[in-house]
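Down below is the structure, laid out as structure tokens.
Chains: A, B, C and D, in written order; residue numbering restarts at 1 for each.
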Amino acid sequence: MSFPLLTATAVVPAVGAVATAAVPAARRAAAKWLALGFSLATLVLAAVQLVRFDPDAAGPFQLTESHAWIKDFGVRYELGVDGIAVVLIALTALLIPFVMLAGWHDADPLEGSSPNRRWRPTQGFFALILMVEAMVVISFEATDVFLFYLFFEAMLIPMYFLIGGFGDRAGERSEEETAAQRSYAAVKFLLYNLAGGLIMMAAVIGLYAVTADQLGTGTFSLQEIVQARVDGRLELPPVTERALFLGFFFAFAVKAPLWPLHTWLPNAMGEATAPVAVLITAVVDKVGTFAMLRFCLQLFPGASKWATPVIVALALVSIVYGALLAVGQRDIKRLVAYASISHFGFIVLGIFAMTTQGQGGATLYMVNHGISTAALMLVAGFLISRRGSRLIADYGGVQKVAPVLAGTFLVGGLATLSLPGLAPFVSEFLVLVGTFSRYPAAGIIATVGIVLAALYVLVLYQRTMTGPVTEGVRGMPDLRVRELVVVAPLIALLLFLGVYPKPLTEIIDPAVGHTMSQVEKSDPKPDVPVNEAEAAK
Amino acid sequence: MNTAATATSTGEAVQFWILGIVAVAGALATVLMKKSVHSALSLAGTMIVLAVFYLANGAYFLGIVQVVVYTGAIMMLFLFVVMLVGVTAADSLKETIRGQRWLAALCALGFGILLIAGIGNASLKEFAGLGRANSGGNVEGLAALIFTKYVFAFEITGALLITAAVGAMVLTHRERTEHAATQRELSERRVRTGRQVPPLPAPGVYARHNAVDVPGLLPDGTPSELTVNPTLRARGQIRDVSGAALQELAALEQRAQEWREHGRSEDAKGVGK
Amino acid sequence: MNPVNYLYLAALLFTIGATGVLIRRNAIVVFMCVELMLNACNLAFVTFSRLHGNLDGQIIAFFTMVVAAAEVVIGLAIIVTIFRSRHSASVDDANLLKL
Amino acid sequence: MENLIGLLVAAPLLGAAVLLCGGRRLDRSGPWVGTLLAAVSFGLGVVLFADMLGRSGEDRTLTTTVFSWVPVGGFRADVGFQLDQLSMTFVLLITGVGTLIHLYSVGYMEHDERRRRFFGYLNLFLAAMLLLVVADNYLLLYVGWEGVGLASYLLIGFWQHKPSAATAAKKAFLVNRVGDMGLSVAIMLMFTTFGTFAFGPVLDGAEAAGEGKLTAIGLMLLLAACGKSAQVPLQSWLGDAMEGPTPVSALIHAATMVTAGVYLITRSGAVFDAAPTAQAAVVTVGAVTLLFGAIVGCAKDDIKKALAGSTMSQIGYMILAAGLGPVGYVFAIMHLVTHGFFKAGLFLGAGSVMHGMNDEVDMRRYGGLRKYMPVTFVTFGLGYLAIIGFPGLSGFFSKDKIIEAAFAKGGTEGWILGGAALLGAGITAFYMTRVMIMTFFGEPRWQPTASDSGSAAGSGAPHPHESPKTMTVPMVILAFGSVFAGGLFSINDTFLKWLEPVTGHAHGNPPVSALTVTAATMVVLVLGVALAWARYGRRPVPVTAPRGSGLTRAARRDLFQDDFNHVVLVRGGEHLTRSLVYVDHTLVDGVVNGTAASVGGLSGRMRRLQNGYARSYAVSMFGGAALLIAATLLMRAV
């Protein structure tokens, strides 16, 4: 049997987490480098996946691994990646090292804090990040519903501690206040996602029951179920299918997050440190949208089609609503959070537009949004760490004292408003086109989101970076080498993917095609195809 | 025996009906007796009856074990603790939690009825006796099962027992934090505090009877509860010394006094003649 | 007579024991009632083994006894410790379950 | 040859990259690097032009596909270039004027410590603009379209420490975004209609699609054009855009970027020809804007804003022409080119004046400058004559043609449009004369004033002086252009022949002879000039602006269009967002918290049951057991 690449990709960071946690308190630096090393190793493995992955190969999943796990309940340890998963895994593995570098000093114990030999916040921070990475990776890989659910939920634990345990250094606010708000945010995050998860669990069990009822032996295996459905051995009655679909979708909608289940995100992203915020929005939340593509659509195509109008509506609301609230924010990080909500609206819209462009664009969007948000949020984090405040009003004229910081911030912002030439434009336009070709009205409404995006990004930039230099900003240092190392590659990547996204689209396309075939949808045909026009000519 | 019978021997029936009543009575007594000693004893009775039933049901080994281990060991352990805690302490059966008793009665009634009803509609007319199972001897049969099919469970229960023993030790063992005070230290403390400078009398010494639960008298004649064993004190099992003895003592001294004075006056008369 | 009667008896004893658990405050007596319930179960097991003609029921009864023994040892030890600390063997005095 | 097209775009792009990423060590050499690369790209343009002339009219179009950009399903977007006569014209205009203005900026910006970045932005703009005109499909055009928007954003807000500049930049980008929305919707419509958005198939297959679709596409394209070319109703940003350095105003907001809308409409001619409704909309917008801009231009005292108004109105002419269909395309482009020359010249002149006047922009503080800066005066004057359409100069030819074409539209429509165009010509003459007089004639009105502009060399009494060579030379060249371009183009219809293969041309038949139109134009022209002279030339101009008539005041405030935006969009938007924030916090979040609270209360009540007595727990256990038995029995019973 060949080398279990997928398992390795998930195991390496897990091992890394344990190893990092085990580093003694005194050897803080060692722990950091160790964690970084493991994350890089994961990156290498993810790269190998990307290389070994053959876009044109037949069959939905590749590099599959399958072992019996809990025989009595037909739970199998089944891993496999399609074009969508492999790209997202690559994104995750790529972002984690940057997150670590950006948060290099976030978890250092405060000066003057008692040198307790047991207390090892730094080790914990990096170990938790690695733990999250491991879980995210495996939930991208899992093709067994139960396995996926397991890690989809387990992810909450490290995230909870990352949000609740590590926040910005209190600036104007008192330590107690920050601590209180932080724990509030963490609990809110946990409760929302747990609620979603529990409902999903009910649906998972229901799925098992249905399969057991109809196939004789209950199973959680995605491929088996899909196969059975295709063969007609599995005939979900519409009501059941819709109930199960809603159960799954609810969990993913919370995670994504989709309006009106979004309110945990601004708190979480606002209170957590910038790297953790990136972890939330760029990595963890992607599991939600990804799962919509892989599970909702493939397991319950009928119900998906049934629910599409509502979901499209919700997505539109998310887009406009998130953007409007972003305009109204006074807190940099919350602003980015609401912007993300708007973007997730685009992703969901693309997924449920049920067109190749829409879903391909949505997948691409996940990647690009990950990178662009990471860029913007991390730079914002650097800014905040310098001034010790998250309020936009406390800034002004940064561009004068720290031009490079301002420049990178602007690029991140432009990516966020999806300027052509930067990566997000491609995906956003694909989503729009995909949506428009099926629901013209929705497509037009969504384009409003583009204008609003320009509004909040530029307002943010104008208030913080331009204008006369304010007190507290004066003498602010420009980006340091470490920070440049974090930002430069992200920006380079944004530019490259904006100009030449082909490598990604080539990998994504077949997978999307497969999903489409599962949903039994095909792109709407143009009413005056080119060839006819040329024939007429 | 026959493999599948429909009824048991009349003897067993008789035995069942008699002993069954005894068992139920014992059980009720266990629940209702005020003093825990009585409860314990009646429970023991019930257990022995059950042992007999085991035997009647062809569980010879269990029957013996029931007598030896349960009645012999466990119930004795119970009695032991009862003694430790207070043999004569009768706890009031007055209910303190509101509605507890009604609820209990209700539940018990419902439970019993349902259970019996369940057995009733599940009852089977004929039963396979233990003839074949016990053909090689009951003990051997059990042994064969225990050491083959249930060997793991058996091992685990062994571990459980050991754990239990250790646990009991840990729970009941009391660590002595400072060495016991020597007699010298005790006396010195008494002198320093100035109370009861002389050693206490043994209980019951001056009081004409040797019961260990009677407080001894201090030199000034007052009874001191300190002389009684702490355990008894803790249980409040101290026989109060009725004033009688003391009065007798007082009367004796009175008479002695009178006699002395009386004698002197007689002497004076005799010299005068 | 049908051995099922033994089952009826067992049910009866079990109920009585349970009632005792509910209405008695003295920990020791409560414990005895628990023992009573266990014994009732044993009786049922033994009867079952007779009804079905195999020894598994007796085995279970046997294990029940062992476990009961262990439980009694620990339980009594606990009672003694509680008695030491608060000079009472009443279960109601140990109402620290309430937060 | 095809590969040169790529280089054409790449050269300034490279410049931008080098200048923006290369650190301070480039501060000194930066400007020259930028200028050089602009020049290189101009050279390439010339080479391609020569090559194109070498071939016959029909197969002059060069096309090349560099690489496949976004292939997803049936959606194929390639990075491909198409260079035909239309693109060529723009390429030459952009690179040519661009290079000159780079040169000019070297002098204009030499005191600014951030000039390296300035030139980086300028190069970025050139690259984007070139991409816009040589793209062979709408999506790539869109990239250039937004690219120039970005460049203009960066350049308008170049003096970011000035809040006004930052605001203006933001405003420009936002208004443009609204236009871009139109463009993207148009592209989507094309994709759904034709399954592609490459120029070739779309324009060839246009007739095949229904008129309804084409009208929709046309209107969307018009919206885009309005945004980029500052046409009513999206014109409001252009005035504020004058916050940027003057060279920027000259290059982006006069010569090139703002004309992109005209390019778009001309390029999509096929669509519009098949959608009369859309065309009607286009001409309306054009006509309205040309009057609007002209009127605004009359009232502004800020020289740049006045010029901005005129730009608006001139582009109105172009849009009008483009909306007329094949009759007008050629003239639209022709006016575009000549306008590129003289308007850039005028702006550079204005810049040179400001340069000499400590960045004073208020024309009421100028006066009699002709003695102090002769070169500027002459070049500016030539540009002035050109724009008002003085016979023989560029503007005369191009504008005249447009007016004719407008009349040629025929029917009342024709009369209205023509009348508007004619009126516009008159007003143009008026306000340009006004500018001319207030700036260069009359008595000097400047006195010590604290000028609060960005790169000013301190305040104090300005002592006007002629600008350095690097600034005057471009002005001179542009002046030549603005004098002769029109003539060259019109001599036996060179320009028409040149463009016809691409845009096609149809000779309109005006209800009145061309001569009459010309005469009429002359009349209104003279009237306009005379009126201006009467008002500003004869009596001295008050330094502080008089209250003026209602129309004047309205015009000063951009005819209240901006106030409308402010009240309706900005205020309304603020209220909306604020209320939404409230809603999000109280309603959406409140529902969740409410449920949480109620659950808490419930559990608090449940807590009473936990009295801590083991026995009462035992009761519940026992009861539960009883219930279980009951349940099982029931199950078995049924």
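Note that a contact is a pair of C-beta atoms (placed from the backbone, for glycine too) under 8 Å apart; a residue touches a chain by one contact, two chains touch by 3 or more.
These figures come from a predicted structure and were not determined experimentally.
Undergrad: Centre of all protein Cα atoms: which chain's centre is nearest to it?
TA: A
Undergrad: Take the average of all CA coordinates in chain C, do the same for chain D, and state the distance between these two points in whole angstrom.
TA: Computed from C-alpha means, the inter-chain centre distance equals 91 Å.
Undergrad: As a quick test, compute the distance in whole Å between the mean CA positions of chain A and chain D.
TA: 37
Undergrad: In whole angstrom, how far does the Cα centroid of chain A sit from the Cα centroid of chain B?
TA: Between these chains, centre-to-centre, one finds 69 Å.
Undergrad: Compute the distance, rounded to whole Å, between the mean C-alpha positions of chain A and chain C.
TA: It comes to 57 Å between the two C-alpha centres.
Undergrad: Give me the residue numbers in chain B that touch at least two other chains, ranges are fine.
TA: 97, 100, 103-104, 107-108, 111, 115
Undergrad: Mind pulling the chain A residues that touch 2 or more other chains?
TA: none
Undergrad: Show the residues in chain D shared as contacts by 2 or more other chains, in ascending order.
TA: 611, 613, 615, 619, 622
Undergrad: Provide the full list of chain pairs in touch.
TA: Chains touch in the following pairs: A-D, B-C, B-D, C-D.
Undergrad: Once bound in the complex, which stretches of chain C touch chain D?
TA: 18, 21-23, 25, 91-92, 94-99
Undergrad: Which of the residues in chain D end up touching chain C in this complex?
TA: 610-615, 617-619, 622
Undergrad: In the complex, go through chain B and note every residue touching chain C.
TA: 3, 6-8, 12-13, 16, 20, 23-24, 27-28, 30-31, 36, 39-40, 43, 46-47, 50, 53-54, 57-59, 61-62, 65-66, 69-70, 73-74, 77-78, 81-82, 84-86, 91, 93, 95-97, 100-101, 103-105, 107-108, 111-112, 115-116, 119, 123-125, 127-134, 138, 141-142, 145-146, 150, 153-154, 157, 160-161, 163-165, 167-168, 171-172, 174, 234
Undergrad: Can you check the complex and tell me which residues of chain D touch chain B?
TA: By the definition above, chain D touches chain B via 611, 613, 615-616, 619, 622-623, 625-626, 629-630, 632-633, 636.
Undergrad: Quick check on the complex: what are the chain D residues that touch chain A?
TA: Residue positions touching the partner: 20, 67-75, 79, 139, 142-143, 145-147, 150, 153, 157, 160-161, 163, 165-167, 169-170, 173-174, 177-178, 180-181, 184-185, 187-189, 191-196, 201, 204-205, 207-210, 213, 573, 576-578, 580-581, 584, 588-589, 592, 596.
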